[in-house]
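Several structures are given next for inspection.
Both complexes shown next keep subunit A, but they swap its partner, so subunit B is in the first and subunit C is in the second.
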Partner chain A sequence: MSTLLGDLRAFAAAGAKEFRILRRYPTLFLGFLFWPIVLPFAYVLQARGFAGDSAEASAAFASRAGTSDVVGFLFLGFAAYMWISMILWGPGTALRTEQVRGSLEALFLTPASRLVILFGPAFSQIVWALYMFGLVGAAMVFVFGIHIGLMEALRALAIIAVSVPALYGMGALFASVVLRFGEVSALVQTVRGVFTAFCGMTFPIIVLPEWGRAVALSLPPTYLIGGLRSALLAEADLVSLVPDMAILLATGLFLCGAAVVAFRTTERYARRGGRLAQY
Partner chain B sequence: MGDQALELRAAWAIARKELLTALRYPLQLVTEVAQPLYQFLIPALLLGASLAVGGRAIGLESMTGTDNLAGYLFLGVVVGGMVGTAFWDMAFSFKREMDVGTLEQTWLSPTRPETFVLGRAISGGLVSMGASAVLIGLGLAFFDATVGDGLWLALPALLLAMASMVGIGYLVASAVLILREPNFFVDATNFLFAMISGVAFPVAVLPWFIKPVAYLLPTTYAVDLLRVYALGTDPLLDPALEWLALGILSSLLIAVGRVVFRRTEHRMRMRGTLGQH
Partner chain C sequence: MTAASGPAVEAIGLVKEFEKGRRTLWQRLRREPDQRERFRAVDGIDLLVERGEIFGVLGPNGAGKTTTLKMLATLLEPTSGSARILGRDVVREAREVRRRMGAVLSDGRSLYWKLTARENLQYFAALYHVPPGLQKARIASALAAVHLDDRADDYVERYSTGMRQRLVLARALIPDPELLLLDEPTVGLDPQSARDLRDRVREMRTQGRTVLLTTHYMEEADQLCDRIAIIDHGRIVALDTPAALKRTIAATEVVRLEIQGAPMSDPGLVARLGQVGSVARQERQNGVLSLTIHCRSARDFVPAAFDAARAEGATIDHVEVVAVTLEDVFLALTGRELRE
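Our next item is the complex of A and B:
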């Protein structure tokens, strides 16, 4: 019991440390304020350019996307995109930074569980993710006049909550790659590219070819984005969201388990070869 | 050999050094093509597909005079790549030098500091041109993009735009030297500059308070002329006026950029803050 409590304290401390580092670099806060609004807004302008004055084009979008609300559709897609980017860069980059700073070995010598090292830095990012979704929600409501009621917001929060294990499991898998190869950038770029091309951040996945849709449906972000849009734009009830949430949860459990196994294996490899701090 | 010729030789030597370094990281070169493809082109093309009627971009056609969505976007990326060269290759490279601690050494050489910007403009421009050629090739081969023979008529516009980017490079480099932690500044202004120029969408859809800014950017005219000649789009202004604006803005930016860069550099030498970061 005392070990568990100790680990929980270490978990909170790891999160607090990351938050403190973030506070030291105020320009990062500007980025958190700027990108969640400006990036999707650029795509809103693009959609306006592609729709032109054509009512037919707008109707075609509505029939494919299930909503005529292009602004909400794009803002939600990009909120998910930015959260995923944060996670993909997060745990792997945190370990890499410890390697570069020369503090990774000291960290591994502490009695804290490896789970703390693996998931601790990601803990602080949940706060940022909630902030970002809050900011996007506020922009949708107050700037673009999209109605979001309390129940819709709670359903969206439920979708975000069940996505946490799947997305952070993926992030933790990337952390294992850092220990094995000492570099994560190329892989993060590739995976982010796959998500951008298939998961429907700027488009309904129905426009993809059949094989593309199959790829999309095998990736957790597709269910996160689809769920958020259903909850907030189509006002879907919680029961109709259960299948997507179940898939997210099951994928999350699998990915977290895989991440723990991969991390233990690569840690053993790194310790045997004396490669822990090499980069 | 005159001073100017010596500086040009130095600029070419800097460009060769940068190109040699780039060749040492082939994965980074792949990213020059892959990143615009997955981060911008594919999401934009799929957004366009979700607004298409009977497979045609009729909305875009009503705004610009062409339904060639892929051609429209791939040509936009050519100018977007140039903007990226000014912000990241010319300007942000000073931050990289600050980080590795070689900025003061290089500036102690007899080469003028602004020649370093020019050298990186040459290397960055060559890499950007190569990446653009590959992207256009991919667009033609796999994304149903088509471009007309008129593309060649727009090449002088691209050269003028590249020259104006040297001016922008000077201005942004000045900001990089002052800010010391310029990552967000460079990233955000690069994005805004490219978007307001209309690389991703017609300038006509910009909010009214941003539209005048678009008319002050040389890249707006470069990308518009490129699309007018290669795709037959409706021009923003009379093409003759666009050529004139592009020429004037490019000359002005180079002149202003050089003055600002020289003053910034002089101020930093006086204060002894050159190597601080």
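Our next item is the complex of A and C:
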């Protein structure tokens, strides 16, 4: 069996293993049913509380957000945020879990590529993400009466797909931190906080000051969130989404490259200092 | 498993140094030179393990056994020296080395407890790139080899410690390796589980595999190994078959004495006993003098010891006569006991 084929199979096996373990904690499914629906709904109520039925407020929102659909705007922002959180935590958490569990050395003893160990377990989260986006989409269509056609849904899926390398790249950079410093949660929380503050999860980024907008435009999640809203709420065609998708893809390639270099460097550091099993 | 020629393991001048203490963030930011003291966990080890043998590395905790094994297993990079596993360099051809060997460097904690034994092995079969068509048979064979085939579909969390350790061994068999590296494989096991695991290791040899194991249990090394390297402070202090190592002691029996009333300052009693045997170790605790003496015949030595004690006004409270063991070899070589 060729090495590449072996690694692809190992990659799938790593994702399947994680998913199998998750399945053995069935109460987790309840949480995944709850969060994507209930949390954004709280923001919807908050918006209603602030603006009420004011036509002036709605018009102001529409002029800034590019859509008058507050519910769709918030649900998509929140779904994207959950997806981003999952992937940011994914590789680092997977590595950290293996380290604390005591299985990391056993994994490093195998001939599988380090990329399998890094990305494979987090791959199972794509299944969760699809489940979550499906749930959010269903809530938007059946509960809030937002129209989502097949082409809009496909365009949204394309945006999600091109965001994968960028988000995994960031997650993998965090995983390198795990090998170097052991703990990564403080850093992930900080970055998540920056994304919440700048990427327009619950607000249009146009309300940010100029320097804040510059920060927002330098962060990949801004393009994911903006692209999803454009595809599903503003019914933007694929051509108008291409610039956002290209930026996401280019950032993704750069971040993945940086992550591979960082991971190799920290792995070497860990192998020199005997820190693979230390946490 | 494919047969080939050349040694299974070859290490030349293997050294591993670690830094003592830590370097603060402030020191790093200021780019201050790293002035930490370094210590050698492994200090120039030369090793040649032939194919098909069970080779033991015996030494006390902290002697450098695990560090040596981790370097051979590609988990640690040597500071200097080189090592080849089945003809492949452990640094330059690490992935090829991993492909060809199985290793047990951790305990049952390294398994996925929420998976069954079979599911654990399925995952590792994929990581070891075992072709899908061979996986089922390979897993069945590994489970049978460690006598877990009847519990293959139980969650690992329901296993005993001994069963988990056997499953870790089964995991190491998944690549069908010619070489197995086992680090203290029986630590923490009850005597029966340890005996059972040792039986499994012996079977590995009959299947034509080479086994390199570390242990600090002299009985384990004695019973299992064809050859043993005794390691202390990161260096090999002796290397031979267990029988040959024991022959290096100029004695056939070991006598352990506990003596009351031996004068503290007067070395007369020890000197007298030294005339009829070789005093390998002496220790005084709570007024009791404990001696370990190597002699050719306990039958001749023990009466002489009683005479000597009586002449010095002391009383022998306890006499124990045992055959020479690897513990005595270690004691003779280092002046310390393995368990210290």
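One rule holds for everything that comes next: the second predicted complex is superposed on the first by the 277 of 279 C-alpha atoms of A that agree within 3 Å, B and C clash if a C-alpha of one lies under 4 Å from a C-alpha of the other, contacts with A are read in each partner's own complex, and residues count from 1 in each chain.
Operating definition for what follows: contacts are C-beta pairs under 8 Å (C-beta built on N, C-alpha and C of every residue); 3 or more make two chains touch, one makes a residue touch a chain.
Note that the coordinates shown come from a computational prediction; the quantities given were computed from them, not determined experimentally.
Student: When the two structures are superposed on subunit A, do subunit B and subunit C clash or fit side by side?
Tutor: fit
Student: So in the superposed three-chain picture, is A:S68 touching just subunit B, just subunit C, both, or none of them (first/second/both/neither)?
Tutor: It touches nothing on subunit B or subunit C.
Student: Taking CA centres after the superposition, what's the angle at subunit A between the directions to subunit B and subunit C, given in steps of 10 degrees?
Tutor: 90
Student: Name the contact category of A:G274: first (subunit B only), second (subunit C only), both, or neither.
Tutor: Touch partner of A:G274: subunit C, not subunit B.
Student: Name the contact category of A:G102: first (subunit B only), second (subunit C only), both, or neither.
Tutor: So A:G102 only meets subunit C here.
Student: Once chain A of both complexes is superposed, is A:T202 in touch with subunit B (first), subunit C (second), both, or neither?
Tutor: A:T202 contacts subunit B only, not subunit C.
Student: With both complexes superposed on chain A, which partner does A:T265 reach: first (subunit B), second (subunit C), both or neither?
Tutor: In the superposition, A:T265 contacts neither subunit B nor subunit C.
Student: Have a look at where A:R20 lands relative to subunit B and subunit C in the superposition and call it first, second, both or neither.
Tutor: Only subunit C; A:R20 stays clear of subunit B.
Student: Between subunit B (first) and subunit C (second), which does A:T110 come into contact with in this model arrangement: first, second, both, or neither?
Tutor: second
Student: Considering only C-alpha atoms, give the closest distance between subunit B and subunit C in the superposition, rounded to the nearest Å.
Tutor: Least C-alpha distance after superposition: 14 Å.
Student: Can you give me the overlap between the subunit B contact set and the subunit C contact set on subunit A?
Tutor: Of subunit A, residues 25 contact subunit B in one complex and subunit C in the other.
Student: Within the complex, which stretch of subunit C touches subunit A?
Tutor: It is residues 18-19, 67, 70, 73-77, 95-96, 98-99, 103, 105-107, 109-112, 114-115, 119, 122-124, 126-129, 131-132, 171 of subunit C that touch subunit A.
Student: Spell out the part of subunit A that touches subunit B in their complex, as residue ranges.
Tutor: 25, 27-28, 30-31, 34, 38-39, 42-43, 45-54, 56-58, 60-61, 64-65, 186, 189, 192-194, 196-197, 201-204, 207-208
Student: Where on subunit B does subunit A make contact in their complex?
Tutor: That would be residues 27, 31, 34-35, 37-39, 42-44, 46-53, 57-64, 69, 181, 183-185, 187-188, 191-192, 195, 200-202, 204-206 of subunit B.
Student: Mind pulling up the subunit A residues that touch subunit C in the complex?
Tutor: Per the touch definition, subunit A meets subunit C at residues 1, 3, 6-7, 9-10, 12-14, 17, 20-21, 24-25, 101-103, 105-112, 116, 268, 271-274, 276-277.
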